[in-house]
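Below you will find the structure I want to go over with you.
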Amino acid sequence: MPEPLLDIRALDAFYGDFQALFGISLAVPANSVVSFVGANGAGKSTLLKSIAGLMPAKADAITFDGEAIGDKPAYDVAKRGIALVPEGRRLFPSLSVEENLMIGGQLGRAGPWSLARVYELFPVLFERRNTSATALSGGQQQMCAIGRALMANPRLMMCDEISLGLAPIIVRDIYARLPQIAAAGITLVIVEQDVAQALKAADHVYCMQEGRIVLQGRTGDITRKAVSAAYFGV
Amino acid sequence: MGAAAIRVVHSTRSSRIGVAGFALLFVMLAAAPFWAERSDLRLLVEIFTYVALASLWNLLAGYAGLVSVGQQAYVGLGAYILFGLAIFAGINPVWTIPIAGLISAVIAIPVAFLIFRLRGHYFAIGTWVVAEVFRLLAAQIGPLGGGSGISLPVATVTAIAETRQMREFLIYWIALALLVVILGLIVMLLRSRYGLALTAIRDNETAALSNGVNVTRTKLVVYVITAAGTAMIGALIFLQKLRISPDVAFSVNEWTAFVIFIVVIGGVGRLEGPIIGTIVFFLLRETLADLGALYLLMLGIVAIGVMLKAPKGIWGYVADRFGWELFPLARRVERRDGPPP
Amino acid sequence: PANAQSKVIKIGNVSPRTGPLAGFGEADPFIIDQVKGILAKGIQSGGKTYSVEIISKDSQSNASRGAEVAAELILRDKVDLILASGTPDTTNPVADQAEVNEVPCITTNCPWQPYFFGRKGDPKKGFNWTYHFFWGLEDIIASFTALWDSAPTNKVVGGMFSNDADGNAFGDANLGFPAALPKAGYKLVDPGRFQLMNNDFTAQISAFKAANVEIVTGVFIPPDFATFWSQAAQQGFKPKIVTVAKALLFPSAVNALGERGNGLTTEIWWSPNHPFKSGLTGQSSKELADAYVKAANRPWTQPIGFQHALFEVAIDTLKRAKSLDPKAIRDAIAATDYQSIVGPVKWTGQPVKNVTKTPLVAGQWQRKGANLDLVITANKPAPQIPVGGKMELLS
Amino acid sequence: MEWVNTIVQGILTGGLYAMFAAGLSLIFGVMRLVNIAHGDLIVLAAYVALVVTETLGINPLVSLAFVVPIMAIAGYVLQRTILNRTLGDDLLPPLLVTFGLSIIIQNALLEIFTADSRKLNAGPIETASIEVLPGISLGVLPLLQFVLAVAVIAAMQFLFYRTATGRAFRATSDDQPVSQLMGLDNRHVFALAMALSLAIVAIAGVLLAVRANFDPSIGPARLIFGFEAVIIGGLGSMWGTLAGGIILGVSQAIGAKIDPGWQLLAGHLVFLFILAIRPQGLFPKVQ
Amino acid sequence: MASILTLDGISKRFGAIVIANDVDLAVKKGEALGIIGPNGAGKTTLFGVITGTVPPDSGCVTFDGRDVTRLPPDQRCRMGIARSFQIPQPFGGMTVFENLVVAAAFGQGRSEHDVYAQSHDILERCGLAAKANRPASSLTLLDRKRLELARALATAPQLLLLDEVAGGLTEHECEALVDLIRDIRKTGITIVWIEHIVHALLAVIDRLVVLHGGAFIAQGDPQEVIRSPQVNEIYMGIPADA
């Protein structure tokens, strides 16, 4: 097996006294699509935040491209090519749509994604490029958030519930484009509630429950039923 | 599970101890004229006024989310009303205190309509400007000394009571009574529907509106009550100081900044905060004030230090650490069939 | 111990040591040191020897703090006599506290009208416990007009009075400049009271230009005067004489104006050239000023004399007091007849009860080498004080 | 003509207020930080200029070459060590900390420099003036100050809305964790903003020191006008801040013309009036 | 049956974006109406117009026979209009129970003590009773959504406006939610529900409207509307071969 792009070993995470992750270990190979499913509060978002450097962790708990980054601050992690589309979009309200995208690209990492490519992916953003990001509807905001992450030309992109609040047509659209994004050389980590969607999009799926991984496998080897069983903890 | 199966409790064990403690403290303080020195009485009056000012500001900022840096407007207003009525209408200064509260409440209403249009930082600066306007207007009232200020005629002061001692006792008791009334009112207000509404507004104004809370009226009530209370305290303070001038009566440092220090050091948004904060403030002042510039320098350092090390204030730190609460406001649900509290 | 305690006399002193008025109190440590040296062996009073304890507090240039520390001195430290100095912001609140708490009090360094009327004093009754010595508005008007009389002008005066205790007193319609100047043959242009810390004096400058004003007078704080004075130049207003109080008191403020400070005129309460000696230390004015300059390594200032005189009067009083009873001390103050470093101090009921006056002259800041020096140029109201030069016109 | 003069001079005073407000506006826009110590920092800059001019014997305007970088570094350090730790949704911590800072600066200056009134001498330029119309002379110094204010504000506006740094400022001000995800070190970005703010403070401080006497206690007096200018202009709008300053300056001049007692009052009343009509200020850029 | 809510000629635009252009809508008492539409169509804004947080440019809103166009949100809430927010807006510093008490006491204009029992009942129905004493800020997304719903219910509404309450829920959670909303319906409360999870919506509503380009481009029987080619094209996007 080739050296994984992202290697997580015994990762714990805490909110004050509350432990949200318990010794998570996993490896994400380069150019793969990995998805996480799990009930609300399972710790999926926390896992992504830990990888992105927004939660304190031990240095060697997270290795990216051979380097220990567990203790690095978020801005440093971002520079190494990890992008996160955060849960709840979190656009910058005082920036216009275009500026939101541009700030995503401000690290200046080389790669295929540019303003033009993002507008091509989401034409509505082009139409609204000069309005304030707060004036976008929920769905438009989600597109903008994805575009913003793409603008960084990341090697690893993590999407936290990107289909949340989107019209079915858009969800379909985004998932239809994921292979395209993956093909451009971006490794994808997706958190998704819709098990069917997750199984369809990913090569490998992890099921989380109460801060632990309870089931994992290649999407070909794992049945939807098994996932559901793990999912509901039955 | 039926409706009868739950009950809602306010108090905790520490709070019951707290209430008993306060009752005892009140009795002791009420008897202070019989055990304390003249200088202690005066210091206590000053402490009471600061506890009251801080508690009122805490109600406004900590509970209603109205961070005002212009409460000196009402301290000064109350004081000027006292001086005006005592000097020109010949009213006994003691009686002008409640009148000052009433008049200020009335004046606070139009002011509120103006500044309630502002939010957050803008509100803060707006209140400050209003206080400046009050100060500059006071400086234009010639009969009250204009910008020079004026002293309360000795005869007016001596007319308060027959002897010097009686006068000092009377002022002490008035201060204590005013403090107890203000604190009591705040506790009652916060435990009432208004308290709930206030916390809701502070947490999320849009949601509060959409859940039927009349946001403007709730804020107005708090603002007006605070204005009235602050004005009465202002009148009392200047009855002690005997001399008034616009710069002093409407001093942003003395009546608002120090008050904010006190509340934040003690713990904002907690009833105990202003009391703890005042004690710390006076301890510092009593020990260091003679150092002049160095004292103020140290005060600044203490304020910054507390803010950085214990952002919830001293009481916030203690309460989180040990789960103490002397005036619990939270409503806890308990099941009747569950374990006893 | 009770016996030992009764042998201590406590003097409380309140002055502005920090804040905008700190210049007034800056000599206090020096003076208190000097006085303590002299009193090392205590003082004789009513046949007994007492040691003297001086407790000095800072009013922070703030009337509210002034009242507070005065109350502390009276109630907690139980001082026998309380002193205060340095503008009405300190003298008045302290005197008010002394009056209602029935403690004898002596104050200075504040014109007597803002002291007396600012405290709602009644000239017929006066006060029971509080005494003041300094000069008054009539003196400053007299010395200013004497100064102006010495040079040819059109006698049109522009008045700049701030809306504070001093400015309102100077600009008072009955007691101040507006009433007195016409009587002295001058025409006053008074645009109105301005608020402190002003950034723009265009309105006043325009009014003065329009009225062809040649003399400017009034009361300023230093930053306001500097603003006014540079705006005047920028807007082409060139008066012949500028005589203002307060802003030109301290050498630092005048020297800060650079060349534009040369030729400005002001009132002089006390200077090293005053022909008075301290009844306590025997120092002449010159000797006192020199001692201060040596000890503090700072230029002499006018308040020094008065701060010193305040302690002189206090000690004289205590020596004469029949007992330490407040009334006895108060009576001793009333009976004072003392030669101080700022001149004789004796409360005779003139100009009003509880107030007595010291002589006042006027002079000009003139360049002497690297620094500006304050030279007495008009002494008509107090001929006993010698003039040191002649006033030069500004333009 | 007298009225024209009144208004023109009022506009120049407005330049002074805009200069005071520019640094405030910047950090208010970026960090929502109400800096109560701003006035005292201006005075601090004036003292730094005093020390620089006295030790090097140079003209105060030349001393800017030293004072600006010194203050900028001070701002960077101040933000990194203290102010960064107070930022958040709550407006109280920064309010309190900057108030604490204000009394610390005032009293430290008092301890070091005493209460003496000081002034910097810039030479003949201080009293120089140009007569633009008969009866209307404009002081060269106020004019210079006005021009500098406009230049500073134009530069700020450009920086804020046309450059990557400005974008970083705004993004970080909106959402700190997410801006970190974009590779921005929020502590550094804020410190840069404060450094820039204090660089402007340095200019304001030197101009203040040349314009009039200063002592350790005069900082807060003009602070409120700075806040008013920022708010009248609207959050995040630099040109708005300039407009706010001018509106204040002119209203005060007109007030003073009616009665000097109404000078400051007129400015405040106009401020309240504008806010009553437009609570978000005249040209808000940010909600 | 009488209309409980009518929108008459409502127009609203933000700059160049037209949210509503002379829109009419009548909601019958007891009805369950679904609203779908592309992202940004203006569905949430429409809720704002109904509840009073967004003033319409023109047109009028009638509720229960009264013109409420000029009334503030709190008053409309007390009249019986309740909403849940698309992005949950809990009172974070209060406990879950207190959140409910606020809604019940002020939404119904009753005294605090009178609503304790009722508030607790609603918490149980919404599956939040176990967390009653937890601060609302500590809730997960699902629980926040439940709290939104519970608070809206606590105001004892006649008309309940739900904005994407099913978004982000797992299938299982979603089913439970649908059951809950069905139960609410049974108590006679009129429901207007905006949702992108179409299958959840279809399980509850009687009528579906589609908002697009400032107008309702389709309305009627949910199944028919959803299958119409127009809706498929702009909203569902099911490829022809699926």
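Residue numbering begins at 1 within each chain, and the chains themselves are lettered A, B, C, D and E in the order written.
One rule holds for everything that comes next: a contact is a pair of C-beta atoms (placed from the backbone, for glycine too) under 8 Å apart; a residue touches a chain by one contact, two chains touch by 3 or more.
Please read all numbers here as calculations on a predicted model, not as lab measurements.
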item	value
Chain E and chain A - chains in contact with each	none
Number of hops, chain B to chain C, where each hop joins two touching chains	1
Chain located farthest away, centre of chain B as origin (C-alpha)	A
Chain separated most widely from chain E, comparing mean CA positions	C
Separation of chain A from chain B, taking each centre as the mean of its C-alpha atoms, in whole Å	50
Geometric centre distance via CA averages, chain E-chain C, whole Å	75
Chain C and chain D: spacing of chain centres that average the CA atoms, whole Å	36
Approximate Å spacing (C-alpha centroids) for the pair chain A, chain D	43
Residues of chain C engaged with two or more neighbouring chains	18, 163, 193, 195-196
Contacts with two or more other chains, residues of chain A listed in rising order	none
Shared-contact residues (touching 2 or more other chains) in chain B	136, 139-140, 293, 296
Interchain pairs in contact, sorted by label	A-D, A-E, B-C, B-D, B-E, C-D
Chain B to chain C touching residues, read off their complex	37-39, 42, 46, 87, 136, 139-140, 145-154, 157-158, 164, 240-243, 245, 247-248, 251, 254, 290, 292-293, 296
Partner chain D, residues of chain B touching it in the complex	61, 67, 69, 114, 117-122, 124-126, 128-130, 132-133, 136-137, 139-140, 252, 257, 260-261, 264, 268, 293-294, 296-297, 299-301, 303-304, 307-308, 311
Chain E - residues contacting chain B, complex	51, 53, 72-75, 77-78, 82-83, 85, 89-95, 97-99, 101-103, 105-109, 111-112, 116-118, 120-121, 124, 129, 132-133, 151, 154-155
Chain D residues touching chain A - in the complex, by the definition given at the top	164, 167-168, 170-171, 173-175, 177-186, 236, 285-287
Chain D contact footprint on chain A (complex, rising order)	52-54, 73-75, 78-79, 83-84, 86, 90, 92-95, 99-100, 102-104, 106-107, 132, 134, 148, 152
